[in-house]
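In the two complexes that follow, subunit A is the common piece, with subunit B as its partner first and subunit C second.
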Partner chain A sequence: MSLVVKDLETRFITRQGVVYAANGVNFTVGDGEIVGIVGESGSGKTVTINSILGLLDPAGRVRNGSALFDGTDLLAIRRRELRRIRGARIGFIAQNPFGALNPMLTIEDQFYNVMRAHRRADRTEVRQQALEMLRRVGIAGPERTLDGYAHELSGGMAQRVVIAIALLLNPPLVIADEPTTALDVTVQRQILDLIKGLIREGQRSMLIVTHDLGVVAQYCDRVVVMYSGRVVEEGPVAKVFTRPLHPYTLALLRSVPRLGTEVQGLGGRVPDLLSRPTGCAFRHRCAFAKESCAVATPPTAAIGPDRAVACVLDVEREVPALVVD
Partner chain B sequence: MLRRLIIIPISLFFVVAFSYALVEIMPGDPALAIAGNTANEREVAIIRAELGLDRPFDERFVRFFTDIAQGDLGRSFFDGQIVSHEITRYFPASVEIMVLSLLFAGLIGLSLGALAGYFRQRAPDSVARIVITALQAVPEFLIALLLIFFIFYLWRWAPAPIGRLSLTDTYPPVVTNFLFIDLILAGDWNGLRSTAHRSVLPVATLAIGTAAYFAKVARATIGAAMSSKQVQFARACGLSEFKVLQYALLQARGPIITYTAILVAALVGGASIIETMFSWRGLGQWGLQAILNKDVPAIQGFVIATGSFTMIVYLALDLVVAALDPRIRHDRG
Partner chain C sequence: MSLIELEHVHRTFRRPDGTVVYAVHDVSLTVADGTTVAIIGESGSGKSTLGRLVLGLLTPDSGRVAFEGKTLSTLSAEEIRRQRARIGVVFQEPFEQLNPRLKVGAIVEEPLIIHAPNLKAEERRQRVSALLQEVDLDPQIAARYPQALSGGQQQRVGIARALIMQPSLVVLDEPTSSLDLSVRAQILNLFGRLKQARGLTYMFISHDITTVEYFSDHVVVLYLGRVVEQGPTAKVLRQPRHPYTQALLSARLSVDPSVSPPHLPLTGDPPSPTRLVSGCPLVGRCPIETPECARAPIALQTKDEDHRVACLRA
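And then the complex of A and B:
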């Protein structure tokens, strides 16, 4: 399995004007890899995955780019073919399980509908598989859950059901959009442990969108940092978190609260995306900005074998190392 | 549920009291209206005494409520008919036109609204929005006049708007007071065809006007459902667009049913102008005539009949919505 996203550009046509939501997004998800996309709200994380999956609002348009999933360009194929891939070969874990699950249908019906969207299967067959999936995601009374409705479940249980539905057809790639932000802090870790376990166990790959750097640090192999609709830095989590190369990554890491140290806020705001960004979009908030930052969008440069950064600074020398106590 | 049942007589009391007070403070004297211009004061006084209008206000008010509690709505000031009998006579006709119009309005309006909601912000939606706005802007009596002018007068596709049966047709023996049902019971197929033909224009008028409301609510609710997380997840799971639309409809079902109930309540007795224009002889036409005659018992009977009908419809609405939504269904159990 591999997912290669290249030069993805997505715009929204709104009353206020054109919103430049994704402006040339590049990243890859390799076989068996868990990749995290981080960034503030409005950085284009969710737009990126919605573009890949064809789930954009009617106002949204993919203007350019490709998303090669095992060689098939998801942005170029017919809607019908994309539909066959969604759910079957790419599982989707939604942010809020109560928003995602249908409140009017029993959980069993929802398993049945997903299965029937891709395969011929009768009710008893689907029920057996659904029970098996629910057991694997750690639901104690799977029969009762299947016969019930979403509102009878706790947040954690409902998200387990969503995960079970996402993995029902054994997809090699799973895309998760902030899978725990809607949940209680106490169950967040359980759910993330569960997801990671199921991904590793099935030798799947995962793309997980989050704004929580802690999640990335603990659960991801590689990280893609997005800012203002672009990828500003990409690399292995261990390397990026210990030695960030982009000033934005550095600022993000510094803004994480740590015991005994003062939190350094980022300052400033995410630029509005109503105008096409010229130059580096981060320069207004960047402590190291130079005049040349306003001239052109910094190209993405490979640093070593597995890292990339989009910054005009000689990052090795000019961006200070993150001080971690 | 029990609380809702208790509320019904209480709200009904207020409806009756309000209607009574409204008629009381309205200008004009029914005795004068009945007696006519040529009557002298003595004659008017006699009529007033016959009607009980010479009694003090509080006495009349209490009498009125005791009578109603016993099911006696009194007799018409105007033609002496027993009001409760008049209501059973005219009410079914209003129900018939309401059911037929809502059937067609629902069919047209919901399809239009679903189309617009599904394709929201795209070409079909823009077209539907223009159609909906245009239909809502045109008053029903104008639709009626246009339909009568073109379909009856110019093209002769429909018969004249002079009632539910032609002058040569005979009315069937009264069994249910629903003309369609009574004609079927009498086996009068010619009469049935005749009345169906004569229903086309009034039903079309009300259906066109009402379809706009259906379309509006369907467009808004289905449009919102289409951009909901639920539909997004359904799509992310690879469900077909047909299934996705079904999910959206499930979500929109509650508001649409609620709106239908409101229209059901509004159309029975509320379609007086259309009923009058087409001589439909329904509750609305009768009620409007009562108001023009300042026929106090008839007006009050009209208010009580439509008021209780509305409350029954809303009660049924609550039951239906609760039965359809597992979230409400379970809360109670």
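And then the complex of A and C:
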């Protein structure tokens, strides 16, 4: 399995004008990898996965780029073909399980519908498979759950059902959009442990979108940091989170409250996406900005074998360490 | 001196279908003048109801809520109105607390018109302008509408409005939860600075333990409407004694990839607050429960001076 996203550009046509939501997004998800896309609101992280999955709302348009999933360009194929891939070969876990489940249908019917959309399905067989899946996601009374409705479930249980449905057809890639943001703290970690276990056990790959740096630090192999519709830094989590090289990544990690030090926030605000960004979009908030930052979009440069940073600075020398004593 | 005192406070709600929600159950706590007390808990723990009881927006079914030594239920309507001006509040969603039809200046000024009707218009404008500067906003912003502002700016306007009557206590109900991380840090620093400058007392309602650890002096841990543990932040968060607090802390995800403390999971999800349990509210999810835990209510016991825990096995 591999997913290679290249030069993705997505815009929204709104009453206020054109919103430049994704402005040349590049990243890859390799076989067996868990990759986190992290960013604040307006960074384009959700737009990126919705573009790939064909789930943009009607105002959204992919203007350029490709998303090669095992060689098939998801952005170029017909909607019908994309629907066939989504669900069968790419599982999707949404943020809000109650939005993902149909309140009018029993849980069993929802398993059946997913199966029927992709294969010939037999009621009793689907029930057997659904029971097996529900057991694997840790639901104690799977028979009762199958016969019930979404509203009878707690948030954590509903998200387990969504995960079971997402994995029903054994997809090699799972895409998750803030899968635990809507859940209680004590349930979040159970669900993340469950997802990671199922991904590793099935030798699947996963792309997970989150604003939570802790989720990336503890559950992802690689991280893609987005700002204002672009990838500003990419690399192994172990390296990026201990020695961030883009000034934005550094500022983000320094915003986490740590005992004994004053938290350092970022001045200013996320730039308005109503105009096409020129130069580095972060320069107005960047402590190290210089004149050349306004001239052109900084190209993404490789740093060592497995990292990349989009910044005009000599980042390894000019960007300070995360913790300065 | 304690600014806020709650004694055996109970509060229930009745849902349209007749079921009773036990939102706050036998809660006693005090908030000392000049401190920051954090109320932590998950959804359904009763932490927001507790905030509304302190604000006088809700009355307790039984028990006593006192502010600056005066029991709220014994006050006249006029006294309550005056009392309310002494307590500020900042809510989670900055936009929802700001009237979209009013300009920022009018939003911040409004409490003065209500509570200080004798103040001249010019004096009001000066106070608004000074306060906007104090929360790091350009006073020019007074002429704009809240929807034209960023989330962080909106929250600063909310803070200015909360402070205009010079309250001694400010209830912060998840004030940074809907803000981006980089903005959140700025707002936390602002709260710290305002507290220093104005000698404020904060009641900080949150589910975010990292922020609580950074920001508060005392912690009260709520579960299903009851206090399960309370004490100085350093003790409660460094040496948690209640299995619920321990689970809550161990569920925290460190941003350092090399730090991964063991997870002490609870079984299942938090139960519905519509069931009044006789014993410990954690029965059914607790890793160390015994049959005795379900039998009778479990009182808070003092463990280490000011560290109190409601657990038979702690």
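Following the convention adopted for this analysis, the second predicted complex is superposed on the first by the 322 of 325 C-alpha atoms of A that agree within 3 Å, B and C clash if a C-alpha of one lies under 4 Å from a C-alpha of the other, contacts with A are read in each partner's own complex, and residues count from 1 in each chain.
The criterion applied here is as follows: a contact is a pair of C-beta atoms (placed from the backbone, for glycine too) under 8 Å apart; a residue touches a chain by one contact, two chains touch by 3 or more.
If you're wondering where the values come from, they're calculated on a predicted model, not measured in any experiment.
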item	value
Joint occupancy of subunit A by subunit B and subunit C, clash or fit	fit
Touched partner set for A:E152, first subunit B, second subunit C, both or neither	first
Residue contacts with subunit A in the superposition, subunit B compared against subunit C	C
Which superposed partner A:N96 touches (first subunit B, second subunit C, both, neither)	first
Subunit B versus subunit C as contact partner of A:L252, first or second or both or neither	second
Touched partner set for A:F241, first subunit B, second subunit C, both or neither	second
Contacts of A:N26 with subunit B and subunit C, given as first, second, both or neither	neither
Shortest span in Å between Cα atoms of subunit B and of subunit C, once chain A is used as the common reference	7
Footprint overlap on subunit A, comparing subunit B with subunit C	none
Interface residues, subunit C side, partner subunit A - complex	42-43, 150-153, 180-189, 207, 209-211, 213-215, 247-248, 250-258, 260, 263, 265-266, 268-270
Subunit C contact footprint on subunit A (complex, rising order)	40-41, 154-157, 184-190, 192-193, 211-215, 217-218, 237-238, 241-242, 251-259, 262-267, 269-270
Subunit A residues touching subunit B - in the complex, by the definition given at the top	53-55, 57-59, 83-88, 92, 94-96, 99-105, 113-114, 117-118, 149, 151-152, 162, 165-166
Subunit B to subunit A touching residues, read off their complex	120-122, 227-230, 232-241, 243, 247, 250-251, 253, 324-327, 330
